[in-house]
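Each of the next two complexes has subunit A plus one more chain, namely subunit B in the first and subunit C in the second.
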Partner chain A sequence: MNKNTANGIALALLWIAAILTVVVLGTVILYVFVNGIGQLSPEFIFTWPEGVAAEGGIWPTIVSTLYVTALAMIIVTPIAILAAVYLAEYAVQGRLVSTIRFAADSLASVPSIVMGLFGLALFVEAAGIGFSMLSAALALSFLMLPIVMRTTEEAIRSVPKYIRWGSYGLGATKWQVVSRSVLPASMPRIITGIILATGRAVGETAVVIYTMGQAINMPITPFDSGRPMTVHLYLLAMEGINLPAAYGTALLLMIMILAFNLGARYFLRRNRKV
Partner chain B sequence: MPSLPSMPSENSNLQLVSRATHLKEIALKNLFLLCAFVAVAGVLLIFGFVGFRGWPAFAEVGPWSFLAGTEWNPTDGVYGILPLIWGTVVVMLGALVIGTPLAVGTAVFLSEIATPRVRGIVRPAVELLAGIPSVIYGFFGLIILRPIIANFTDGLGFGAITAWFILAIMIVPTIATLSEDALRSIPPGIREASYAMGATTWQTIYKVLIPAAKIGIIDAIILGMGRAIGETMAVLMVVGNAPVFPESIAAPIATLTTQIVMDMPYAAGMHRTALFGMAIVLFLASMGLVALVRLISRFQTSIEAGR
Partner chain C sequence: MSYRATPVADDAPEKITVTGLDFFYGDFHALTDITVGIKEKAVTAFIGPSGCGKSTFLRCFNRMNDLIPGTRAEGTITLDGQDIYAAGVDPVDLRRRIGMIFQQPNPFPMSIYDNVAFGPRLQGIKKAELDEIVQTSLERANLWKETKDILGRNGLALSGGQQQRLCIARVLAVEPEVMLMDEPCSAIDPTSVQKIEDLMDELKDRITIIIVTHNMQQAARVSDFTAFFLQELAGEAAVLVEYDRTPNIFTSPKDRRTEDYITGRFG
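Up next is the complex of A and B:
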């Protein structure tokens, strides 16, 4: 009987661990939702913050966040996909490949503030771009690169061999095989990976805080500075001014992240069934 | 040189494709290699630029008095980062102690106990936890957790203990997903053998599956450690930001990451250099952990090959 009692207790604890994880997620989401929902209105989303207490809306910060994220995505997508094509289709296992993989893993684990300082030193100061969307997007793209590379490589590797054989059998060259058969077949998973990495970029704070600047501004060209939503939330929360606006910003940010994550999930599921 | 059906190697007489096509293929291959090398270039650039800026901190303050100096007081020109390293380690260890059982428990639950239906709820929840921005965790910790902690301790609730709970939640997804992968890669036959001998589910988990997935779980914990060391915004918002050795777990402290964010707006001269020096320390620590994971897996393969 003793071993059955132990079994019962242990299984109960494992259930508790799992339930706790779900409850924590639920609490965070619910808390932000309940406190932020009263703030959300077209005025809050589409007007400018005013005065020292940042009364009013957060429109420029939303635009800055979307601007920098889109820019980073445009920069990173081709490089990451072609890099993954190399690793999955062309590379021969060896020192070169293991160096590239080690570099990608290291890049994925670089603390975000280190990436931020790197962006400041290289893009803002050395390259002379200044605090701008472009500097922030370049720093962010180094953060997204390993994520998109990994998911794309997994996607390419999951394409069955016989699809390639079919192409080769028709006399296709390697590039034709990759571009006409392998990439289209793995596209849903690649897009999912890009969406997830983009969601990560939307929520990033430490990378952009010293590369984009902090002054509220409406970015028009990539060389304009701005203040993203995450930095806005951080400043409002730390200075304790205008907590309702902080809740509203947090909720909008959360909705965007959830939309990215659930969107990626839905997209993948829909395309798998086909 | 990979010899593939459509790409005759250079010294082959076989002409399957036109010379132009052949050249195009080679050019594309090198372009892809170049793209893959962007990752390597990124690491080198980060090391180069952050290192170039931070190097004087080691050279002029002196590596020993920089890394092991017990006082951080930039206004008087004293740059000892030991209190910050200490803060980072304290926050990281506490978060690991709280987060690891939760994460590994969740991983075991997902791979061994959950029915597909329950798994369909818990697994996305874990992935969503990873997606929530750190600034929102920090905000949550600042507004909700901090007053609760303040009630239990006689302080404002800014300190290591608040950071432990917030950071514990944040490393759960990292550790849980990687541990679950390790558990799932164990062949089902091993479980069946254990059950056939009359073992209970818990005995199978504890005596068979955890030891079998040991290396994978250790890797997961090391990567969780890296996440905890590098986490910036969430910790920044709840630790209180005092670069001192704390008297209690509820007293304000600072970590390497938080001190960089706090000081950067006004730092100049050697102070600024010292912040870049701290970034080098963080960068080397995170790379060291990745290298450690590689070493462990290489060690593991060589043991298996030697058997």
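Up next is the complex of A and C:
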């Protein structure tokens, strides 16, 4: 085979593979969009589901999802950042640190349904918190923790040596270097990590189905139970209660996650250009 | 070559005195038996081929090498007669007295104002005094006119040469007694080089400056004293070959190796 032909074939294969990825994504989005767009309206978003067929809106499920996500974010962010600062800046690099890092990576790959089961056993039952926003947020935080911790660690490590040295050179103590130079310089990437982990939490189903409950309820305190959008979607579709409303919920969920991802990109970009 | 107009007096006091300094990176012996006295309120240049340990030596003065694991210094360096490696000396305090400018301009990703206020804030200086410190420091770094209306803009938005002057202003804001400059002009444009060289001339009335440079013309232009370092064989420790008033080094070097270097026979 002539080398130009080989080149052409290789290029075509690469191109097809790349296009395929886009096509798959496009198909999924288009399918949900076509089926769900008819449902979307202010009433759908801002009213309660009614009757056995869950007609009407999905407002309490949206609130439950946002509530639990925000709560999980509040729990995760300080712990993840402190752990990452310790790993990247203070810990003596060696076996212990690589073990912690490996544990974090493994934690990130634990199937979420296992995490849900664990949350049920630990928070809902053993700790006696019951089905609630708090139980769900704690279980979700296990999922988010490694994501935020690892992105933060990478962000901290990518701060150039020159920034650190400049700070030390002005008579900064180690903590001053970390808190006033390194963390501010890595903040855009840290926030991006938090946003991405939050997007993951919004779409999570398995964890919350075990820990938040299923009753449609407007959560006020962290000890209230509720039904998040993903669980609502699952029940509507699996039990054939109201398929159009399921698509509407799915579309709204996708829009929310897309908004999170775009927000993360926008944030990174805005901070990259000076 | 042109030299400085007003020579430093022979009996000018020594700000920093180095005696029998050896420096190690782990097992690697980088510098051996360096003895040199740095005159107060003068500019001293360190010259020599790449990898001869001049930057390493420079970082000994503010103990920046402490940040690199596995390094060790033997011998003594005194600042105003006090051993800076003695037990009980806090490198953090030392670095406040000995500022440092790096090869790559390294403004922090924050506003021009916050860059200059960074050092004073570390020491807990309150907002009321900061405005004045920021202005004075930028003025002394000859950057005030260009930046007085854009103090809130990110320091990284400045040109390379302005960034380097911002870094100088940032160091000046903590009122150091000594300023170490590690090839401060090698990453910026010629016009800015001129500005920084002029600036060094103005600053030396108040502070002691040590500059590492690859550029012999620059060493000749800006310095009162020059030290020539050389690592004769790869893997061997570098030595201080010759140290003298700058015109002597460039016109009548005593050591053959110095002469070979400045006439461009190697390096």
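To be clear about the criterion, the second predicted complex is superposed on the first by the 268 of 274 C-alpha atoms of A that agree within 3 Å, B and C clash if a C-alpha of one lies under 4 Å from a C-alpha of the other, contacts with A are read in each partner's own complex, and residues count from 1 in each chain.
In the analysis below, a residue touches a chain if its C-beta (ideal position, glycine included) is under 8 Å from a C-beta of that chain, and two chains touch if they have at least 3 such contacts.
On a predicted model such as this, the values are computed, not experimentally measured, just so you know.
In the superposition on chain A, A:P160 makes contact with subunit C only, while subunit B stays out of contact range. When the shared chain is aligned, subunit B comes close enough to touch A:L233, but subunit C does not.
By the document's definition of touching, of the two partners only subunit C reaches A:R180; subunit B does not. Shared-chain residue A:M218: touches no atom of subunit B or subunit C. When the shared chain is aligned, subunit B comes close enough to touch A:W15, but subunit C does not. Once the two complexes are overlaid on the shared chain, A:Y168 sits against subunit B and subunit C alike. Across the superposed pair, subunit B and subunit C both touch subunit A at residues 168, 171-173.
Per the touch definition, subunit C reaches subunit A in the complex via residues 62, 64, 67, 92-93, 95-96, 99-100, 102, 104, 106-110, 118-119, 121-123, 154, 156-157, 167, 170-171, 174. Residues of subunit B that touch subunit A in their complex: 2, 4-7, 16-17, 21, 24-25, 28-29, 31-33, 35-40, 42-43, 45-46, 49-50, 52-53, 101-102, 105-106, 108-110, 112-114, 118, 121-122, 124-129, 131-140, 142-144, 169, 172, 176, 200-203, 205-206, 223, 226-227, 229-233, 237, 257, 260-261, 264, 275-276, 279, 282-283, 286-287, 289-291, 293-294. Those residues of subunit A whose C-beta lies close enough to touch subunit C in the complex are 160, 162-173, 176, 180-181, 184-185, 274.
For subunit A in complex with subunit B, the touching residues are 3-4, 6-7, 10-11, 13-18, 20-22, 24-26, 28-29, 31-32, 78-80, 82-83, 85-87, 90-92, 99-100, 102-107, 109-115, 117-118, 121-122, 126, 142, 145-146, 149, 168, 171-175, 177, 196, 199-200, 202-206, 209-210, 230, 233-234, 237-238, 243, 246, 250, 253-254, 257-258, 260-261, 265.
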